[in-house]
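Each in structure tokens, the structures are laid out below.
In what follows, subunit A forms one complex with subunit B and a second complex with subunit C.
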Partner chain A sequence: MINDFNYLKPDTLKEALAMYAEHDDCKVICGGQSLLIVMRQGMISPEYLLDIKHVTELDYIKFDKKDGLRIGATTTHREIEKFNVIKKNYPVLVSMENKLASIQVRNWGTIGGNLAHADPAGDPAPVLIALKANIRVGGAEGDRTILLEDFFVNYFETALNKGELVLEVHVPPPEPKMGAAYQKFNLLESDMGIVAAAASVTLNDKGKCKDARIVLGNAGATPKRIKRAEELLIGKAYDENLFAEAGKIASEDCEPVADIHASEEHRRHLLGVLTKRMLKKAWEKARS
Partner chain B sequence: MFIGRDIDRIDVLDKVLGKPIFAYDLKVEGMLFGCIYRSKRPHALIKKIDIQDALSLNGIVKVITHADIPGENAFGAIKKDQFYLAGDKVRYIGEPILIILGESEKIVRKALNSIKVEYEDIEAIYDPFSSRDSTTLIHDTGNLLSYRTVIKGDFEQGFNESDVVVEHTYKTTWLDHAFMETESGIGYMDETGKIVICSSTQNVHYKRKEISKLLALPEDRIRVIQATTGGGFGGKLDMTVEGYIALSVYLTKRPVVMRFTREESFLSNTKRHPLYIEYKTGAKKDGSINAVKVNIIGDTGAYISYGETVCLRAAIHATGPYEVPHVFVESRMFYTNNHISGAMRGFGIPQVAFAHESQIDEVALLLNMDPLEVRMKNGLRRGSLTATSQLLTNSAGFLETLKKIEPFWKARKKQGLHTGFGLGCMYYGIGNTGVSNPSSCYLTFTDEGKIAFHSGVCEIGQGSDTALLQILLETLNVEERDVVLLRGDTDTSNDAGSSSASRQTYVSGRAVYDAALKMRKYLKSKGYYDCETLRGVCLLAKEEGLPVFEGFFDPPTSPVDSKTSQGIPYATYAFATHMTEIDVDKATGFCKVKKVHASHDVGKAINLKNVKGQIYGGIAMGVGLALMEEFVPSKTESFDSYYIPTSMDMPDVEIFIVEDEEPTGPFGAKGLGEPALIPQAASIVNAIKDAVGVRAFELPCHIERLKALIESEKDKWVE
Partner chain C sequence: MDGLQIIGKRIPKRDAPQKVTGSAVYIQDLKIPGMLYGKILYSKYPHARILKLDTSKAEKLPGVRAVVTATDIPATFRIGVMKDNPPLKTGKVLSTRDEIVAIAATTPEIAEEALSLIDVEYEELPGIFDPLEAMKEGAPLIHEEMKSNVLKMPWKLVCGDVEAAKKESAFIVEDTFSTPWVTHCCLGTSGCIAQFDTNNNLTMYSNTQIPSLAQNDYIDALAAFGLKNKRVRIVQSVIGGGFGSKLDTYAYEYIAILLARKTRKPVKIIFSREEEFFATSPRQCTITKISHGCDKEGKLTFREIDMILDNGAYTSWGATTPSVMMMPISSLYKVPNIKYVAKCVYTNNTYSQAMRGYGNPQATFAIESSLDQLAEKAGIDPYELRLKNANEPGEITPQHFKITSCGMKECIDEVVKRLNWKEKKGKGGNRGVGMASLIHVGGGARVYKSDGCGTIIKMDDFGKVDVFTGSTDIGQGSETIIAQIVAEVLGISIDDVNVVNNDTDVCPWDVGAHASRTTFVAGNSALGAAKKIKAQILEVAAKLLEEDPASLDIKNGVVFSTKNNEKNTPLGKALRKLHYTAGGKMLMAEYFYDPANENFDKEFKGNLSVSYAYGAHGVEVEVDKETGQVKILNYIAAHDVGKAINPLLLEGQIYGGGLQGIGYALGEKMIYEKGRLMNGNFLDYKMPTAKDVPPVQAVIIESDEQDGPFGAKGIGEPGLVPTAPAIANAIYDAVGVRIKDLPITPEKILKALKEKEGSTK
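Let's look at the complex of A and B:
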């Protein structure tokens, strides 16, 4: 049962930030697809809910070839999924969104809410980190931009200071000869991933690896980069054994926790398999 | 013509528009909210119950204990062994001890936390084997609930004559019904002093009887109404909220509502029986099955519920849809301190089908025969004797279901590296086992000049309202607009028995047909089929004091022999064959169910769309049984920790209907509800074997189990 709360409904960002600064024990709600679950389970019972659904200033998607992609925090998953420019320039984002829960959830859930909730099983974070995204956050005192990979601190914990909201996600412009891939492993089509892996590969003129990122989901307290495997790839040519080796490193370096859905051992194994497969897929996309 | 037509369900438009009021949504002015305080121990004596802190909370109206019960503190569908509220002893985690009533749900749930119970623990028993060997008794009668045997021919001789023998042990686990609507209902006292209960249920007359005993009131002082019900699958056959609501209304004289949370539902509802099945099959070189020996051990949990039924039904169906000359089956059901296992779609047969279908594939493998050919050779048909030596004289379309699948089986082609195809077959006795299970109904006229159809059949989403109405319309040759359906209310209907055992279309359908024939005769006598209007006939009927036309049917069965179970346990059987195509990802252990060809002998499809709907649902449930669903006591709390397939996980399904008409059924119909599920898991397990060469002996064969099986066989692989 959801406990009673006071409902705050700002119309502008300025108003929202002022209200947020003013009220202690206040949670931000927009789509409510993550927050309402934990409230219903009685895990949290905030005194105030700040509903930013009507703060239209944060509902936008902008793309510029030089600047890259900017997505406002209250943009829904469904909007991202259906945005043609994203489909063309960042296809991995669309394929990730396609598999995020169900259409009903994507119609309500927002990108800002998803990231701020900081569930290590969340889908967007590993993909965005693989694409080297930044996140802009701000409070009544002003805003700041940080690397998305530095945004996640612990299970359901972020680098947001008191009174700060997620404002925008920024993805750098797509590089030539860059490919990215993401897959979560789930038993049910619309479920959260038991584990997930995102990879991006950028090739040089000789077709060798210039840069690579491997980011795992639900493999620890936060989305986890496997830097040891990334370094292994630099300067190398396409080689399936190399991907297998990277997968092995990923299963060693990840820190998954066992629960009723899968043992730690099986999660490590799955993360290795997914890493291998996503690297191969990303590389092949980068080549084409 | 109404029979066999693809007409829409009569409730479909309202349901998609969100109009029906489900039990969970019911409200009455001034109602109290009721919650159940449950045992936190698996096996313990209750030493002391302190309710003072709860009572002192503002808004708490009453806390009810076993001592407040005016009548019998006992209920049970088969035997009255279960307590509404525990007195001195608890036997499982979740057993009800108190009812807390208050002005709001919030205050009542808060009060739950301020109850203090002192227990003295007793050794708890968590599996049937420990139960068998333990000196700790869960009930005074001993830990063995039920022991049944099926003996036909001479199994020793049968094995001596066999050329090959296959012997394996199969294991299944607890499953939750996972109906969409959790257990809920309301109750109030009407202006005449009658206690009215309106709940989410699969039966109304049974519940009225139980409440009458509980409150020591005559049945005519109690009225049970079925609210629109969001699924049952066997989980709403037993008393869920009804007794507690009735007791609360009786003691407080106020309206009362109860709604279980999903967590309460998982904790308190009955589960599918976990069965341990030792199975030995002997076959001759030509593929004929000559002998079957089965030993079934089941865990019924702390109380009986439908444990005895499952024990016997599993034994009777253990050979599957095959004619076996020598049969020896033992089936035992033990008490444990686990959750109560009860009725769940198939009453134990999805579990035994997993075993007999695995066995028959192994026999085929050993003899280097096609699995479909072995099934065809042994399949029950007209003139066959079942394991209980029942002679099948009518409606035995098993071979036809195989023939429908045969061209697809022969044309099967593996698309991927680890694609597999598997067959699963089943037969299932329609109605209750070897006991009378009648249905009755009545027809009369309304003041508005329509036909009033009084039905006690609970519509739980399976489509019985529509099927029964089609039978009525066809028999009377009237239109849907001419009939008013009054359903699921003990005040306006006769007992039709429960919506269980796939029996309503067959048993109640025949009762409706019986009533309709009588009314048809009356309509004819009044000239309806010549020139008189229905309104005109109604006026004449009114003058005659509104005649009532009663319908009745009790399937012709006989009790089975207590030692050998030989006899006629069911009047008719349904048959089916499923063929399933899967893909296995060897690296991860993930099994994707891609396509199912399902063929069912339903006798007669009263409503083709509904028949298909049942089969789709059965397949979804079978996918869960085979690959995902597993209730782990003390760990599974809600859907967060219980996987169940969603619509997005459904394979493609192609359906083939066989109509070998059953002469005792309405227009030849039999039942389908449970058969739709039964062969599915078995066909998946056989497909896994085909795909990656490993056989699952334990369900669910979830990713980690499958991965481990693949690993254990790795050395034998040739890629």
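Let's look at the complex of A and C:
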């Protein structure tokens, strides 16, 4: 049963940050798709809820060829999925969103809320990190921008300081000859991933790997980059054995834990398979 | 069957608009003035002695109106099939769903808070969670007074001579199969409101699927509580799914009665989703040792099964599912020699109940998987083996079932044709096909002394009809089916038929929505009542039209002479005439239908149902050998239903059943660790959703059952019976590994593939 709480409803960002600074034991709510679950299970029972749904300043998607993509924190998954510019320039974001829970959840859930919740099984983080995204956070004292991969600290823990909100996700402009792919492994369509892998590959003029990113989901406490495998790829040409080798490294370097849905061994195996497949897919997209 | 106006038509469910718009009143929505909210404190441990119980702090909380414990009930009062379950426990708790204290308060929040103020001191006892462990000599006894953990329900069926048949068999296979706990996942959770009037008569608002039997249970309980000879009325709200879960009465219902009696106020208890997972009774897990034999030509010679069922801590109808398992074991295909022994074993797990199929899915998983093994050993295509041994009309099975209509061969043929079986079987490429058949009761099932259902029909002044039926609509659409049957017989529009099916004060008796019996039994009952009232109408109209009743008929609400169409009268006019004439009368008819089926004799033989439903499912899968993931590419579900009264609803039953079966095959499992449910929520319990529906073709075979209403047989349960073995067989065809333990998860497939690789290297 959800506890009784005091409801705070700011209309502007300034108001929101002031209220957030003022109240202890306060949780931020927007779509509520992550927060309400843990509240209903009695895992947390905050005294205050700060509802930023009406802070329209944070609800935007902007794209500029030089600056890239900027998504306000209260933008819903559904808005991202339906936005044509994203479909054209960052198709991997759309395919990821398509499989994130259900349409009902995507209509409510927001990108800022998803990232701030910091569930290692969350879908957007591995993809955004593979796309080298930054995150802008801010409090009453001002704002700062950090790499998204540095944002995640532990299970359900982020680099947000007290009084800070997620304000914006920034994705750099798409590079030429870059491809990205994401897949989660689950038993049911659109379920939480047992594990997931995102990969991005950028090719040079000779068709060799200039840059690569491998980011695993639910493979540890935070989204996990497999840098040893990324480095292996640099300068190499398309080679299925190479992808298999990278997959092997991924299954070694990941840090998944067993739970009721899968053993650690099975997760490591799957992460290796997904890494191999996503690298191949990303590479092929980069070539086309 | 020619000239049918309403039977056989795709008529949408009558209650669909209410459900879609949210105006349907479920038990969750119902409020009664002055109503209190009840909440239950469950045991913290699966097996423990209660050393101390202190409710004083909870009692003092403002808003708390009553606290009940075991001391509020006579010490000898027990519920359940074996009367082994006190609604509130004292002394020893046997599972984590054991009810210890209940609170009634003015709000659910206060009741919840009061629960947290109850102080219970336990001495934890070692638990037994594995039926095999529980059967070992010297194992701690769950119910000490029973002297054994094995239930005194000796299930044993012997037909012919299995040992002799083994000697004569050319091929024999033997293996062990197991199935997990799975739960119904009703979207409408369990709940009730108990209310006493000033004379201590009880009204129970409930979503039960057995109103008449529940009424009986409550009357017994009231007598035990010192309220002898009281009336009990059951009013059913709209029911958000049953699937067998609401086929018994449970502790929470008796607790609501106790709280209502103590407070003199209506008390509502509604299960939260978590309670619905851990505190309702699921389908039990089974361990099945099976052996099958055939001769050189592939004719089946014997089937032998030894089964252990985890009964859990108490006994509900789950313990009687072996009686229904006997049906596929003895009568799925022609098998002359049968031996079946089953033991239900107490453990400190949750306790089991009926769930769609009533044991048939567990038994059919073992039988149909084993049959494929036998086919392989005998070198016969599994499809041919099935066809060769298929049941036929006119057959009397070893368990003494009299097979009337039987479309099993047609179902098998449809599967083979639509799957393109001969092209696809054994072709490799990680793709494979598999099939499995089913038998189920299709003409009621005499599990009680009666299998009856009553119907009352009354005509109003305008030619419209009120039908009072004993049957319960749990979402399967019986209200629509009954309206169709009555409208067809009376020659009126279905919109002119009002079905009342939710109040024991006005509805006739019925044994409940179970055993796929409602269309057949309640349908025949409605048919009988409709025919009776039609005869009365024609007699009245005959006088009015000065015609012989035999030459009259009704169409579109008009009574007319079949000899001379000009002679006619609107139905309403004839009825008004009857009401407005001195010495007039009203038209009403009742009919009680109890099918001519038989209770089993002492050897568990007898014609359980007057007709049997058949079907065959076929599936094509693709298996990802690297991840173990199974994808269903094509699914054919062919069912012999006698006659489709409403193909739209019937297909719904097949799709729904099929998907429930796919969940059972590939993902669903209640994960218990030492008696504690680890995945009691929809995030962790992997029930398929609308997005997981594969391409399914529902194929309807009409075999025209002689005893069915318009030729129909039951279809409530069959849709999920052969799903799991069909999928298991297809996976074997695709990648050569047989998973014998449901659900077939990717991890199990990978492990089996690894083992297979290891053994061939």
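Everything below uses one rule, namely that the second predicted complex is superposed on the first by the 288 of 288 C-alpha atoms of A that agree within 3 Å, B and C clash if a C-alpha of one lies under 4 Å from a C-alpha of the other, contacts with A are read in each partner's own complex, and residues count from 1 in each chain.
The definition used in the following text is that a residue touches a chain if its C-beta (ideal position, glycine included) is under 8 Å from a C-beta of that chain, and two chains touch if they have at least 3 such contacts.
Being a predicted model, the structure only gives us computed values, none of them experimental.
Annotation: superposed three-chain arrangement on subunit A; subunit B versus subunit C shows a clash.
When both complexes are overlaid on chain A, the residue A:43 reaches neither subunit B nor subunit C. By the touch criterion defined above, A:270 lies against subunit B and subunit C together after alignment on the C-alpha atoms of chain A. Touched by subunit B in one complex and by subunit C in the other are residues 1, 102, 185, 187-191, 260-263, 266, 269-270, 273 of subunit A. Of all residues in subunit B, those touching subunit A in their complex are 105-106, 109, 587-590, 627-628, 632, 635-636, 641, 643, 645-646, 648-649, 702-704, 707. Here subunit A touches subunit B in the complex through residues 1, 102, 185, 187-191, 260-263, 266, 269-270, 273, going by the rule given at the top. Per the touch definition, subunit A reaches subunit C in the complex via residues 1, 4, 37, 102, 185, 187-192, 260-263, 266, 269-270, 273.
Residue ranges on subunit C touching subunit A, taken from their complex, read 108-109, 112, 272, 626-627, 629, 666-667, 671, 678-679, 683-684, 686-689, 691-692, 745-747, 750.
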